[in-house]
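Order as written gives the chain letters A, B, C, D and E; numbering starts at 1 within each chain.
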């Protein structure tokens, strides 16, 4: 399969708004939100980006669309370097590359009706006539489960339920028929039963519309359900990247292992001993040296403290940033 | 809260009991303000009043009258041409700082005040060519032109001797802004009192000057309290917190206070007049017919009643009531509210109901007290009694007002006049003489009139002057460079316990005349 | 598993309503359950089902203008709802205490950790000398695995997991019998969540606690709870032991709920979904609240509200399907 | 901020019509003298130069000299400032004293009768023009009842020069132990500060209520209740203390309102403060004094916002400097 | 909506339906707003049809005798120039209301676009503008109005300008603040993600969300402007004589205070308060109604 989207050594640093004295110090403190991240997504594939809060997974998602500018590194879409796109090119790109955010309510302008919100991308990209647009929007609304579409078309976001809002957001992202969708924790805010519906819908849409996803999540269980391959991030770096089956059956990186062990399982018979890492995820302002995970890692050795471990292929298709075997 | 209230109540009570004031202290309230504490620059009534009491002149006015009497000069004489005056000075007089008073001091003072070129310096420089010390107690003034009334000028503060020792060295040509700049912090004068404390806009304390050459006053201390508004001053008087108030109560307050049995109201025609000034050179009122028309519409008794609640006197000549040479020509020529006459004139000029004569009437909202807006409204209503005129009222603060009349931006506006010296000349030449009328924004100039003014200014013959002034007043109703409106009262209200208030036409108020009675 | 020997808390037919400007929200309706000494009860439901209101009402802390419209809450036989204010203050924290969802906002930002503790001790035992109070706090911190220097710190200086541990410490400092944990881990990351679960379990045995765990997270209840009560639209749908619920869920809602959660241990081809959304609590129609979404709905479901009936030892459900079978 | 305001005011003043020099000189002054004076005062230079001159002087803390009266600008300001400070201090004290308790009272029962009552009070009081309030109080308590003096800082019989040193009459009278005068000074403060205090209390009722409502909704309030903390302590110790943080941060802005209110109060009660000074000198077009007063007001506001920042840092442990 | 077209009865019925449902929904806030609207409507009618309210001319100096207390012929008494106080109030409403509304609108027209641009564009432009606006804002507004009024001189237009200047920063800060926070909203990011240009984002996503707050502030602002206008007139910097004006009439009455002439100050002041209160209550009511987030709690 052809590569649709890829990143090479993507870096994003945020300057810190610290105290006055920082201005005088030689270098302003910076947060390394994303630290040399490289991956590629094949056409039709679902890549999962998993990690705890503060791991830089959402930032990575936004960098792919150039919603924020990368500090360095490149993003390629169909072999073209998105990072060097002009404003016009970027505008056109957004017909084909879309994103869905975590909180559907805040993703919709309170003063735009459902119909207006979904139609707007068509207007921006000059697709269709007014009549065609409405037809297309109503069609899509039915498809994503917003029915009766005619009725919901006039509604405003505060009149919708959480599940409906997320469907509106999905419809808006898909109305221009993109081929790549970044889904940034689309179900994190939803209720249990709604989650299942959205996941189901996303799976179905992928099949129907031939979509490629970058699926960002903190929940490995949903990642397992939806993704073909999964990348695990820790403090801005990818620590492990593998196909779903490999990752869940033969995780390599200690952090991946810890993450898998910590996931609560809705099965009383499956209560297990958890070999949990110590403490909590450290601040990204002053990350630990070497392997960021070493202070919490039960297997850490002296070498882990010294240098950043490279992401290496430890088995075909399985990459891990751990020096241990 | 309640406890605090009680506490305050007790404190207030204690205050009223403990403040037993010496009988010899007078608390005097006024809404006036003091300007510079130096006769070389001060040029306002209130500050001059302080000078009358803390300094003394070579000549003075008899208390309550307008006759000149000897003061620091025991006698004087003029040469035949009336352009040299010689004064014999009183001996053994000392300033409050101990400096002896002599002819040298007089010359020093006149020279200093002339050199500083302050606001009132024209009172010296327009008249005096030089001062000569004839001997230690004789001084001679040599004038530029003959001036019949010259001794009257010497009763004004710019001529009052100053003690040279009070002024710091090197202050030549600079006037004093604040007593603190003086040696000893006190302006040394020859008057009854010395100013011992000065807090601008709050209070001034005058204490008896033991070096004063005359009789000791009954009140050894006078505290002048400055009130921001008349209302407060009135209440303070009613509560007995001040003994005497002078300048300026509101008309409504005067009416109320007149009914108060504990108070005495001293009321006299004052030299202060109000008038409408026309810009006669370039504005619409260049045409004297229009000036006549507007003047005929004025209704003076209505103004004094409506706006001043009876506390002002209608005025029918620029020369005030009770003054020598007055001839009320406006009464005979226009009367009051003479709509018929106005309409005849206006129709003659082609104005109709549909094409009325329109103009802006200007006033300055605070310079003459807070009644100005009412004055303008009433005058507007009077003028608009005829449909042939439409008036728009406009106002500007004093600084702007002054600039606007200087720049001929106002066609007709309200003005008032306090005399520089009490003489009909100062009520006529000041408005219609070429130079005087520029200063008041009237820009009236007529060589015949100027000749008449020169004549009365240099003449010492009463009949000659009378003839000139009567002619001028006759001509005034034809030319109407200004339209007299009304004359103010001098009103001083005091407790019954204060007696001896004497204020004559020159408006000199001497505190040493006051006496407390039980 | 502790024996079900003594009932420590009993909720009888509790109803709570919120009058709002457009009507009355019936947040909790006719809920009855018991909690035994030393037992951990999981109260499971989606947002808006009334589980938080129920939890708060046990401390008589439901937010105004909500009021109890019927029922009783008996703590060791005494009705909490009719307690005096003074007795209530004593009971809160000392007999029953509570942990909240968001540990950052649940700590007063202006108070140090120590002040929170000392304040709590002071109001329950004013006579305790300050030194002894400090010692008790120190011991508690040790139990929680927190360094003592943290006492002088303010909440914003602590990490999320640390704050939640402080919250537990505050809840336990007066040695209560019951602890109500309202979504205690929702704001925590998975690994921290797992650590918190471990801590809670160990404290449970140390302090001989009864726990009411309010959550929407089926994984979490599966790990902690002995018994589970499933709530939907203000009503209890099913109550059973944890094993029973996961092995043989009776109520179609419970079945749906379990089936729609992705399970990391299983390979799911398709998730079961429940279309529709919970009913509006203002104008609730007659009948089973789940009826409009129920795949197995029968006519009676829309007419009469089913009661919670025991179908097996320690397994009750409110569903017409099983009443019919019996009947 | 000082810089911006000064520049603005400088420009405003220079385009203002009216000529301070001819206003100050009598009508007799010859043109030559007027020009001379203007040259002395630097008024004949281009505005840009005048501005630079002024700023240069200001940098040396020199406010210049009055154009109308021969005095340093700092002199009238130093004389009037204490009066304004005394008035605003008591006004603020009173408005906080009324506003905060009433706001808490309202917030504790949202949408109850007492809540609506307190809000009505807040709105009505806020909409009362300060000067009207002052006049009504004067009318009732000064004229009809005669309980309080309606103007000035002291009675005419109290000899100010006997104690005036700092200009803060409260301090001055106490310093020399003249309790009669102290009583008189306090007595005069009552109506003006009540006027100012009441009118401003409306804002603090609103502020306190809104912030208390927010705070009382927060989780730590619930958590404190759940730990058995008594209600009074929950409201005042947990609630009010947290609610005070935003109130304190807003205090800087409220202070501007207080100063504006003080001008009107001063004008109504003939209070010899900065506001009256400003008005008088505006009529006279006394540029240097007007500028000086603005400088002082701006400094005043800046100092207050600095104090507010420090206070904020002191009460909120989350803020660090 | 469509059905009710051309049918006044339909409109009224719809209005009635809306009001009754709103009344139930918002309770106290609703009555607050209604009270405000009633006061404003009353005074507004006064400005449009003054002759319906009084038979006297406000400038008629022979309406009665001087300073008579309220009576059946002069319900609010007469002033020192024998004018009817109530007639002055009725005609004076035009002045104060006109000035206040015009000033508030003017400052909104200037402040809103500046705030939008400044908040959206950011950078040096934003920093300089913000510095200026913040300085002006934190400075006592009345003092600024006084300075401007003194500069411009008395007059209706001038006083409007002087009042307007004071409130420009209010709108600027409000709109800029809102713009800044809305700019960070996810839906704006979403708009960028669908390829919307900056202008489109500003016009379709930010502006409509800002404008609701502006309406509330406008109403509260008019209340403030009313009091500022009255204050300027009161201290004599407002209007020249001849135009009936509440603030000026109030200050005219001041000097008759010790004579016990209470009606000359009481009634104009009361009207200022009522009018300001009307707009405040309208604003407060709108704030509660337009901000549904408040009601969820």
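One rule holds for everything that comes next: a contact is a pair of C-beta atoms (placed from the backbone, for glycine too) under 8 Å apart; a residue touches a chain by one contact, two chains touch by 3 or more.
In this text, all values refer to a predicted model and were calculated from it rather than measured experimentally.
Using the contact threshold fixed earlier, the set of chains in contact with both chain A and chain B is E.
Annotation for chain D: without this chain, the others remain one piece by the touch definition. Shared contact partners of chain B and chain E comprise D. Of the two interfaces, C-D and B-D, the higher number of touching C-beta pairs belongs to B-D. With centres computed as the average of Cα coordinates, no chain lies farther from chain C than B.
Chain C and chain E have CA centres that are 51 Å apart. Note: centroid distance chain D to chain E, computed from Cα atoms, is 24 Å.
For the pair chain B and chain C, the distance between mean C-alpha positions equals 90 Å. Averaged Cα coordinates give chain A a centre that lies 32 Å from the centre of chain C.
Shared interface positions of chain B, defined as residues touching 2 or more other chains, are 229, 231, 235, 366, 396-397, 400.
For chain D, the set of residues that touch two or more other chains comprises 17, 143, 282-283.
Those residues of chain A that touch chain C in the complex are listed here as 52-53, 161, 163, 191-197, 199-200, 218-222, 224-225, 248, 258-271, 274, 276-277, 280-281.
Within the complex, the chain E residues that touch chain A are 185-187, 189-197, 200, 204-205, 208-209, 212, 292. Chain D makes touch with chain C in their complex at residues 218-220, 222-231, 233, 238, 241-242, 245, 315-318. Contact residues on chain C toward chain A in their complex (touch as defined above): 46-47, 159-162, 189-195, 197-198, 216-220, 222-223, 242-243, 246, 256-258, 260-265, 267-268, 270-275, 277.
Touching chain D in their complex are the following residues of chain C: 56, 59, 61, 63, 85, 89-94, 97-98, 100-102, 105-112, 119-120, 123-124, 154, 156, 167, 170-171, 174.
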